[in-house]
Amino acid sequence: MASIGLINYATFMGTMIGIYGILALGLNVQWGVTGLFNAGIAGFFAVGAYLSALLTAPPSPERIMGWELPVAFGWLGAMAGAALIAWPIGRICLRFRSDYLAIATIGVAEVIRLVLRTEESLSGGARGITGVPRPFGGFEYSLSQFAYFALVIAVLLLVYWALERQLAAPWGRMMKAIRDNEQAAAAMGKDIAKRRLEAFVLGAAVMGLAGALYVHFMRAITPEAIDPMISTFLVWIMLILGGSGNNRGAILGAVIVWLIWSMSEFVTDQLPADVATQAKYIRVFLIGLMLQLILRFRPEGLLPEESGQRTSYRSPPSSR
Amino acid sequence: MIEFFNFYVVPGIVTGSVYALGAIGITLIFGILRFGHFAHGDLATTGAYLALGATALLGLTPWVALPVAMILTALLAYGIHRLFYRHLESRPKILTVMASLGIGMMLRSIVQVVWGVDPLAYGSGIARAQSFGGLMLRPREIATLALTLALVAALLAFLRYSKWGKAMRAMSDNPDLARLCGVNNDQVTRLTWFIVGTLAAASGFCLGINTELTTMMGWSAMLSMFAAAVLGGVGRVEGAVVGGLVIGLAEELSVLLVPSPYKSATAFVILLAILLLRPQGIFKGKVL
Amino acid sequence: MKKKILASLAALTLGGMLTNVPVMAQNAKVAYLVGITGPIAGLAPTMVQSMKFAAEQVNTQGGIGKGGKIDYSVYDSGCNPQLATDAATKAVNINGAIGMVGPSCSGEVIAVANSVTVPAGVLLITSSGTSPKISTLDDKDLVFRTVPSDDYQGRALARTLKAHGTDKVAMTYLNNDYGLGLAEAFSDEFKKLGGTITASRAHEDKKPSYRSDLAELAKGGADTLVIFAYGNSSGLTIVRQAMENGFFKNFIGADGMRDESVIKALGDENLKNYLVSAPVGATGAGFEKFSKEFKAAGGDPNGTFAATSYDASFLMALAIEKAGGDKAKLSKALREVGSGQGEAILPGEWAKAKQLIAEGKPLHYLGASGDLHFDEHGDVAGNYALYKVSGNAFVEVEKIK
Amino acid sequence: MLELEGIVMAFGGFHAVDGVTLSVEKGQVLGLIGPNGAGKTTLFNVIAGAYTPTAGTIRFLGEDITRLRTDERFHKGLVRTFQIPHEFHRLSVLENLMVVPPRQPGENLFANWFEWGKVRRVEEEVRQKAIEVLAFLELTHVANERAGHLSGGQKKLLELGRTMMTDAKLVLLDEPAAGVNRTLLRKLEEKIQILNREWGYTFILIEHDMEMIAKLCHPVVCMAEGKVLTQGEFLDVRNDPRVLEAYLGETVTEERA
Amino acid sequence: MNATAARDRPQPILIMHQVRGGYGDADILQGVSLTVMPQEIVVIVGPNGAGKSTAMKAVFGLVRIRSGAIVFEGEDITGWSPDRIVRRGISYVPQVDNVFREMTVHENLEMGAFLSKGDLSAAFDRIYALFPDLKAKRHALAGDLSGGQRQMVAMGRALMLDPKLLLLDEPTAGLSPKYMQQIFQICRDVRDLGVSILLVEQHAKQALAFCDRGYVLATGANRHEGSGRELLDDPEIAQMFLGG
């Protein structure tokens, strides 16, 4: 019993880690590779989740859509939708310097949340959307969990592979060049504004995909899921801890932070009952403190960005 | 017409004062230390709760507890700087911005652990308004406005006439030259944090006394405070005050135009517009 | 990659697991999921307290089965689906909980039921998830609630107001599933009865001022304001600002507004025209007994969802006892103790209930929050009462339907 | 090839460039000299597109490019280097060069997926070219170093190398010799000459090292206070009393009398 | 006409001895030595990129010094922080951004005396006497002044603490000849008040004509030194600037 339970729990955690890993990969495209301070991850996550839900869930009289499409369409739609939302936002906001971009994207996420919460005919309003299908949802509990976990990990690996490939390609090289020295990149003929927008939109699409994976895992979505603490800051901490600029770092960060976040509850459970309630807040405190410690002692993260060698994906010229 | 003042303008100005006091802190940090301080709302929350703590522990009336809270918050702000931000000074500013997001979370959770999450109030009962020729004002609203005016006037006078106030302005204006004049960077930074902490406590206190104390109140107000600071022009104290009042009024008046749930978006829309159209703000602040 | 995750998982969970090894094999593991952090954090302490109180009563009056105990663990669900499913997964899989009380918010209930408890065959009783959507979940009869769907309460309140001769009201509600559900039911019923809603506005919580909203609401000329929000959040601010500015004479709220924060903050002398509805036992005997005992234990029986939380926790224990600790039979057992058939059990009467179950006699639970007869959706019909403020407490004025 | 007409660049009330009219012929190495603050680098920034001039027009190959962005000018064959090296510090030296070629198919977000063969082919060409350039610059041994770790002189070479990665027609070199040691300097001069004669690059060169100017440049333009003071052969320019005055200041007669 | 004989004083106020250093890894200064005598105007000239400004900043502690020493009034001040050097009696006027634009002229001067604890009225009188133009503009924002006036504000600010040595980095850059002469005249007035001046100048001829002594730097090292007149008359100097 206990070992089955343990595996079930591990499967669940693995699924959540996979989803957060994808979020962190999306953020890495924006921040790690391009240097864009997006503090509104929750917004793109939500757009992806809602759109995928709307495409695949059964229809409901109080809102639009509900087309019962296959899940794959939901995922593609989520990516496309998040990208489409990101495009005008990026057009407007990417010209701001980083602090302003941060506050602007926090505002964007807040507006997205307000819209999803208020416009019932669009999003089911405060009650959200239920009845979202899950692939392998018909299986027995453990098996279904595990199958979905495997699916999420497969998607994570696919996204990882695709992004690695994209970053190793001339496109990624160019983005890093823009991040390192905007002026020189412009002088080398790179269209800075357009390329940044590309990275922003690409990152948003990946975040939208994570939202879609999430909604099919939960089979429902309500506006509470768009919480800045859970859906934005946790992701930031993952990326910073793991190592921004490094895709493997992003995934490692997701693993570590989610493990600490989830398992810290076992620790707080051991506290005396009268402080146990308050101890739940200490988790948040510890996450905040962890961020401070990383920033101070290891700002490049556990897996720092690698220098050029790896991205010159064939043997170096000197050895030819 | 008088109703328009009573129910839209007066609340707008009271809320605006709260935003203004917060925005001054944000604008000073932006101007002198050159980063966006995302823990500012939670610093204000902490200040408000410290005042509550002072009323409970020392048996003070709220208005007497306020100075105590202001001093404690000033020390807290300095302590945060000392423990966390200072080590990031030589690094890219963006790291400090991130750190401040984390500090905000930490402050909030400390308040939640110590005081719990139920809304609390400085006192019970309701305050009926007095009529001033039809204009309805409550004593605490008058006090809020008076406090804001007094603090702003004191701060402006300090910046204008005192030696260290001038040093702060010099630091904001041209940090390299200020250093050449023998201004000690660390000392100005310390002073800035003290002032910022004091004002944040006053901001939180005014918010608390006009409504209730909740642990999320500062975080929710932060977007508005930032909008106020940017609207007034970064680095401009008088701009932050005007910006705060404008945002406060705009939020109240937005109800006339859009459904109430979108009230929270008002500040954001103004922020976006000002960043796009006039990034230097009303009072020609810095464009960072 | 996956291997690495699993390996590190195993290593890290070991510590947590070892400390949770059951003391006795017969213990029944129950999980309490409450939104301790997050938007309804203000309500959580009382809810947790009353859930624990029920479990302690069970444990001190003979426990479960032969010498077993209710072995409960409290989890923070954060009123957030990500956190709630994480907590629920831990509860079900690591702790091996066979039943779950909570989570608190409707969104979480839906997410947890969909992705954790229903697939895992775990019985779930929420004491505060009021969304009508919970009724229609595809739940294999594993999702119940001790709190009535918002629909009942909103309609009951509308009927009562109309019966009292109020024809014109203004209404404001919190823009979440709770506020929205009540508002829709109320306005539908109120209009059907010929009443007029002069103005209706949703609001977001956590704003410092609602005076302009109030001014807009007051334009219709109604002197009664109906507020569907929480009394420890925007609801309190709205009532305060309405009173201070002379908007409206009468204030009507639902159970979310039955919060002592309101009395504490505004003073009972100002709350003469403040009426709230809340679920109550049909006879009232259940609540009185609970109220007395819970107060003696240092709790606040009038706290929002205190009674429903107690009931959920107590019912879970009854179901476990009835099912003999068999997870698969829990749902059926719960239906039996919530059927309205057999001898009545009041809150705290565990020893008596245990006896009856042992004897194989039918019983049903008359709870602190009402009579708790589950319908086919696992919902309870609402029995409600209207409360007014007297001294520092809410006292019942009359039963409403 | 490049014609500047009445270029004015004003910052507030200050005219950093104050009515410059100048033309550069194909195949020239035009030296731009003048005392500090004469407006040389500002003029570069205007030509390269970092600033839009307050007044005046820039024509390149007969086309008005006054309003084009930096990157658009680059695509027309107008390439610049920076006085303070602007290397991409976290990329390798090789990558620094490989970034440069314009219109690489791999820079398209989707081409990596739909036209992989083409991307790979072009990438291989770009790599070969970069390797050649590294060999030419004698930087092969640091090909895989992070560019941020190079010495100042090596960064200067890298700056020059980047101009060789594209079909540049006109290259703006901003103080290529500053901070470069003597031996490297000679090498740099030699490379510039080869590029000019064999690759057909046209150069505009800002330089304070008069030896270098004398060796490479024809003609030489001297700027002072935002204006073109004189232009012509180096020796003529150098012996022009106005140039001497610009560099050394006016002769103060009352003191000397 | 032996310049050193004409200005022979026993104790130099500033000695810079074989200073090497720069920013980051690169050494811009490759061994610079110079001395300034009390009440002397010394000018550093040299071609662009010679390290003139860097040499001056090295005196004021703004440059990392790898080797060599800087001695002021007999005390080794190598590696001191700028504010300590200000207290010791050296003031520095940077070439650009040398005023607080958002502060008034008067406040700019006050900032100059930031380290002073005493009454400033005498200092203000002295500065306003030196710069009568500034007195009229005392309440104007420094950012609104013309370039020449700003330079005066910057100099006035540097003189508020009554320094013994004033460092001026290209004080006449971008100024009209009229202002240039005015600045030079002020330098003389300041010297006559007992302050030594070390300045970097682009306008070599005018500077050499008015200074007491000059140094010519090239590629971070000393090339020539002598009285202003000597250097002016040396044909090699002109060559240096224009190569050859």
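Note that the chains are named A, B, C, D and E in the order they appear, and that numbering of residues resets to 1 at the start of each chain.
Criterion: a contact is a pair of C-beta atoms (placed from the backbone, for glycine too) under 8 Å apart; a residue touches a chain by one contact, two chains touch by 3 or more.
Only a predicted model underlies this, so the values are computations on that prediction, with no experimental measurement involved.
Shared contact partners of chain D and chain E are absent. Greatest Cα centroid separation from chain D: this falls to C.
The pair with more inter-chain C-beta contacts, choosing from A-C and B-E, is A-C.
Chain E has its Cα centroid 44 Å from the Cα centroid of chain B. With centres defined as mean CA coordinates, chain D is found 49 Å away from chain B.
Chain A and chain B, compared by their mean Cα positions, are separated by 32 Å. Put simply, the C-alpha centre of chain C and that of chain D have 73 angstrom between them. Multi-chain contact residues of chain D, defined as those touching 2 or more other chains: none present.
Chain A has residues 114, 117-118, 281, 283-284 in contact with two or more other chains.
Chain pairs that touch one another, listed by label: A-B, A-C, A-D, B-C, B-E, D-E.
Residue ranges on chain E touching chain B, taken from their complex, read 60, 82-83, 86-87, 92, 94, 97-103, 107, 110-112, 114-115, 157.
Put simply, chain B touches chain E in their complex at residues 163, 166-167, 169-170, 172-174, 176-184. Those residues of chain C lying in contact with chain B across their complex are 37, 41-42, 44-45, 175, 201-204, 206-209, 211-216, 232-233, 236-237, 240-241, 243-246, 261, 264-267, 269-270. Per the touch definition, chain B reaches chain C in the complex via residues 3, 6-8, 10-12, 14-15, 18, 112, 116-119, 121, 124-129, 136, 138, 207, 210-212, 214-217, 220-221, 251-253, 255-256, 259-261, 263-264.
By the touch rule above, chain A contacts chain C in their complex via residues 1-2, 4-10, 12-14, 16-17, 114, 117-118, 120, 125-128, 130-131, 134, 140-141, 144-145, 153, 157, 214, 217-225, 227, 230-231, 251, 255, 259, 262-263, 265-267, 269-270, 273, 276-277, 280-281, 283-284.
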